[in-house]
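Starting off with a structure, shown below.
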Amino acid sequence: MAQTSTDITSLQSSQATRQPRQRQMSDLRIMQLFILPTVILLILMNIFPLIYSLYLSFTNYSVIADKAPEWIGIQNYTTILSDQRFWANFATTGRYALISVILQTLIGFGLALLLRNKFKGSGLVTTLILVPMMLSPIVVATFWKLMFNPSLGIFNYLLGYTDINTSPLWLGDPNLALWAIVIVDVWMWSPFVMLLCLAGLSAIPEYLYEAAAIDRASAWFQFRRITLPQVMPLLLIAVLFRTIEAFKQFDLVMGLTSGGPGDVTETVSIRLYKLAFQGQYDTGMSSALAYIILIIIIAVSNLYIRSLNKARGA
Amino acid sequence: MATIELKQVEKKFGESYAVKPLDMTINSGEFIVLLGPSGCGKTTTLRMISGLEAVTSGNILFDGKDVTWLHPSARDIAFVFQFFALYSHLSARENIAFPLQAQGVKREEINQRVKAVAEMLKIEHVLNARPGALSGGDQQRVALARALVRQPAAFLMDEPLGALDAEFRESMRAEIKQLHLKQNATTVYVTHDQVEAMAMGDRIVVMSNAVVQQAATPSEVYHNPANLFVARFIGSPGMNLIQGTYQAGKIQLPGSNVMTVPEAWKQTLDSKLPADGKVIVGFRPEAVEVAADGEIHSTTYASDLHGGYTMLHLQLDRDVIVHARAAREMRYQLSETVRFNVQPNMVRFFHPETEAALQNGSHTT
Amino acid sequence: MMANQTYQAQSPVNFSTRVDKVGRRPMIASAIKGIVAIIIAFIMLIPVIWMGMTAFKSLSDAVSVPPKVFFTPTVEGFVNLFTQQRQLTDAEVAQYQERTDLNWAEQLVLQRQKTIIGQSQFAGQLLNSLIIAGASTIFSVIFAVLSAYAFSRFEIPGKDDLLFFILSQRMLPAVVVTVPIFLMYRQLGLYDTHIGMIFLYTSFNLSFAVWLLKGFIDEIPKEYEEAALVDGYTRLQAFRKVVLPQAVTGIAATTVFSLIFSWNEYAFALMLTSDRARTAPPSIPLILGTGGIEWSTIAAGSMLFLIPVVIVTFILRKHLLRGVTFGAIRKG
């Protein structure tokens, strides 16, 4: 013991040979340097475009016209707000978002309840069910278009329609086209709701159920008083997130119907795209519409991020 | 080894104090324990000494040199964390060598020093393992080795045994103490465990509410607590503290008891108490002497066997209970009358308003 | 596969099988649930399976009515996907049939009286997708690691607002920001360029990556760096030698998510590229053969495009939850 202790002390001399310390960057400098690239990129690619398009929204500019933007005040906004077609676009978007989010919530929660019980291979099954949400929406839309095809698609056959003359024309029928998009959206995103609900379910402490069982609570009571309230925060996050995503949905609609037939599935994003990049290339008007969408999205995402932060804190 | 001085060091988080202005000198080679309940400012104090936390104002001196604004790496200290802070991507050997590499020590010397320190801590056999594969005790030994290998000016330890199992804790306590005796390194050790503090510290600094309550040797802290907080906090259970009224050499205690004040204290009590004579009498459970002709009457409320001794809970009045340590073979029925005296040299008195201990200048322990 | 012993012990189903010992109903119920789950998983995968089957159908099998479930697999769709073809006249067909120097692909298209006259654009578009997704991922992960560390460890004035702002970028619909970016790019000559798309995707992924990585870095105890700091390392060295190695899992997960998002992106690519920098997603629905929609070709393209994502989904399965909630929610 004494031996080792002298060993250690004998090494002490080497301290003197330590090299002089380099000058160090202060934490403040490091912090600034570390967030600088992110902030610059955000300003360049987000703030600047947003300011620019705010300006454009008050002009009659068109990118294909060889003419400088001309200030027209709030005319674009009044046009949009007084045009029946825009209101129809918003109604379509709202209807689509509402129906698909409700269905996703129900199906996603249901799937989570099914899968919370571990069984042999449940991990594999869970992952398989999650596959759709990771896929490229435009590619999803493309192969669903094939599925929906009234003659060569498999969808109607799976539903039991064997006669192509009487089977529904999903994408061509004005009454069904929006539902077709809803079906694909639900197919793709119910797994997302399921994933969040599973996380919520797995976090419920077992003793709550044990206590309830000892108190002879019925299964329904347990579901209503334990399961549902415990999963609620995560379910809320899922619902808000899906609402935002449904509201901005572009890829699926574009891939499946491009807004048709006629304009029955024309959501605001599709309308915005058509306004900005087709026909007259009405840049000013499209910027105004973009701003209206932006305000709605910011309002919903505010709620969303707040509940995210709450979940993070909990 | 360094002398560490804190001069009017304070730390505020926003408007609230984590540490109120504090003066403290830690002598070279001393083992100081910062003790207190959680949130009392002990860890903040330690982190200010290390430089991991910036002071709000005041100065910190190492061997007379002002290091207040020096980067932690420039202070030549070693810090042992509660959860060891071993890098899971490095082996135990690499973890121990890590601080030496920072200083650009030559490879040969690193190997030699790691070997020496590993021998000292008896962890040679785990050097190639990753921290995740080690037991809690070995992880802590590796963390200690990482601190020791530096030969730093001071060791700072933040509840280093807090994450260990009870049985490990006891043996590691002895190991750290042993190391300190061998190395004689200035050590500042933070804990909320008073047993640890009593066992290890040359001096204990008791903190509460961002303020140092008492800084003294373990026995001084135990026998002569500076105020009611220390009296309650140290010892398990803490000191018996009973409110009484002093008058002419006698103290009226609850349950119509009267206690005679020891001769040595009479003058102090005559002069230092408030006019109404209110006083708080304090004595440790082991100061109670059960005797048939004892001056204080009580009834047994409960009696716990502790193996080595029996702890009696004696009721003086409805809600005044005294803990008394009695011989292990003593057995009492509930509600039995027990009479006792308090050893005159072990009784202490506290001012009811300032809560400070009264001093009579002739303390004995 | 994910079900390990300890996890099972905590799951409430065991409670019901254990506490409700009376009767075997709970056991049966859970078996039924399992079977139902498997059936649902299968139903959910039908579209993907159907697409995979279509990719291996011949052009005529793909358009047969009613749809064929059993067919002779062929790689015709893949050949069509990567080649440009020309219709042959009857005389040419006869001439081609005589030839012995045709490779297997040429022989395959000859059955439909066509010949290969060159490469299609698809390979180039896949390559564009790869380059743009890869480069933008590298940049966004590097930037994100740095700022996530800063956000995790330092007191930054207005940090919560800044973080909120960063995430809100992710919420914006692509179409909303595209118009001004389109104008800006046209001005700067970045329209339809790789650099422009890399730049755009970097910023697009950055907000997500910052949040995800901040979650991972928050989990690395501060003590690790503090130990390094008192051991004599600078903040930067501590970051490099301690934080980065500990954050490897998080960085890997973020990288893969960022890759997937860029790989899948459609709206920006549709509006900001036309030819040189066009990626695969806007092209896949537009794959047209010489005669009508060639479903097996489209399916072949889709499948090639989706396979990497499916594989990655399995690799990432433990991190999916974190990924899709920006690191806010972790499984305990």
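Per-chain numbering from 1; labels A, B and C assigned in written order.
One rule holds for everything that comes next: a residue touches a chain if its C-beta (ideal position, glycine included) is under 8 Å from a C-beta of that chain, and two chains touch if they have at least 3 such contacts.
Since this is a predicted model, take the numbers as computed values, not measurements.
Novice: Nearest chain to the global Cα centroid?
Specialist: A
Novice: Going by C-alpha centroids, which chain is farthest from chain C? Tell me that one.
Specialist: B
Novice: If you tally contacting C-beta pairs for every chain pair, which pair wins?
Specialist: A-C
Novice: Could you give the separation in Å between the centres of chain A and chain C, each centre being the mean of its C-alpha atoms?
Specialist: So the centre of chain A lies 15 Å away from the centre of chain C.
Novice: Take the average of all CA coordinates in chain A, do the same for chain B, and state the distance between these two points in whole angstrom.
Specialist: The computed centroid separation for chain A versus chain B comes out at 54 Å.
Novice: Which chain A residues sit where two or more other chains touch them?
Specialist: 24
Novice: Would you give the residues of chain B that are in contact with at least 2 other chains, written as numbers and ranges?
Specialist: 71, 73, 103, in rising order.
Novice: Pull out every residue in chain C that's touching 2 or more other chains.
Specialist: Within chain C, residues 234 contact more than one other chain.
Novice: Note which residues of chain C are touching chain A in the complex, please.
Specialist: 1-3, 7-8, 10-13, 15-16, 19-20, 30-31, 33-34, 36-38, 40-41, 44-48, 50-51, 54, 62-67, 143-144, 146-147, 149-151, 154, 156, 164-169, 171-184, 186, 199-200, 202-204, 206-207, 210, 234-236, 239, 260, 263-264, 266-267, 270-271, 281-282, 284-285, 295, 298-299, 302, 305-306, 309-310, 312-314, 317, 320-321, 324-326, 328-329, 331-332
Novice: Within their complex, state which residues of chain A touch chain C.
Specialist: 22, 24-25, 27, 30-31, 33-35, 37-39, 41-42, 44-46, 48-50, 52-53, 56, 63, 111, 114-147, 151-154, 157-158, 162, 164, 187, 191-192, 195-196, 199, 201-204, 206, 209-210, 213, 234, 237, 241, 244, 247-248, 250-251, 254-255, 269, 272-273, 276-277, 283, 286-287, 290, 293-294, 297-298, 301, 304-305, 308-309, 311-312
Novice: Enumerate the contact residues on chain C facing chain B in the complex.
Specialist: It is residues 221, 223-224, 226-234, 237, 242, 245-246, 248 of chain C that touch chain B.
Novice: Which part of chain B faces chain C closely enough to touch in the complex?
Specialist: Interface residues on chain B, with respect to chain C: 50-52, 71-73, 75, 77-79, 81-83, 85, 87-89, 98-99, 102-103, 146, 150, 156.
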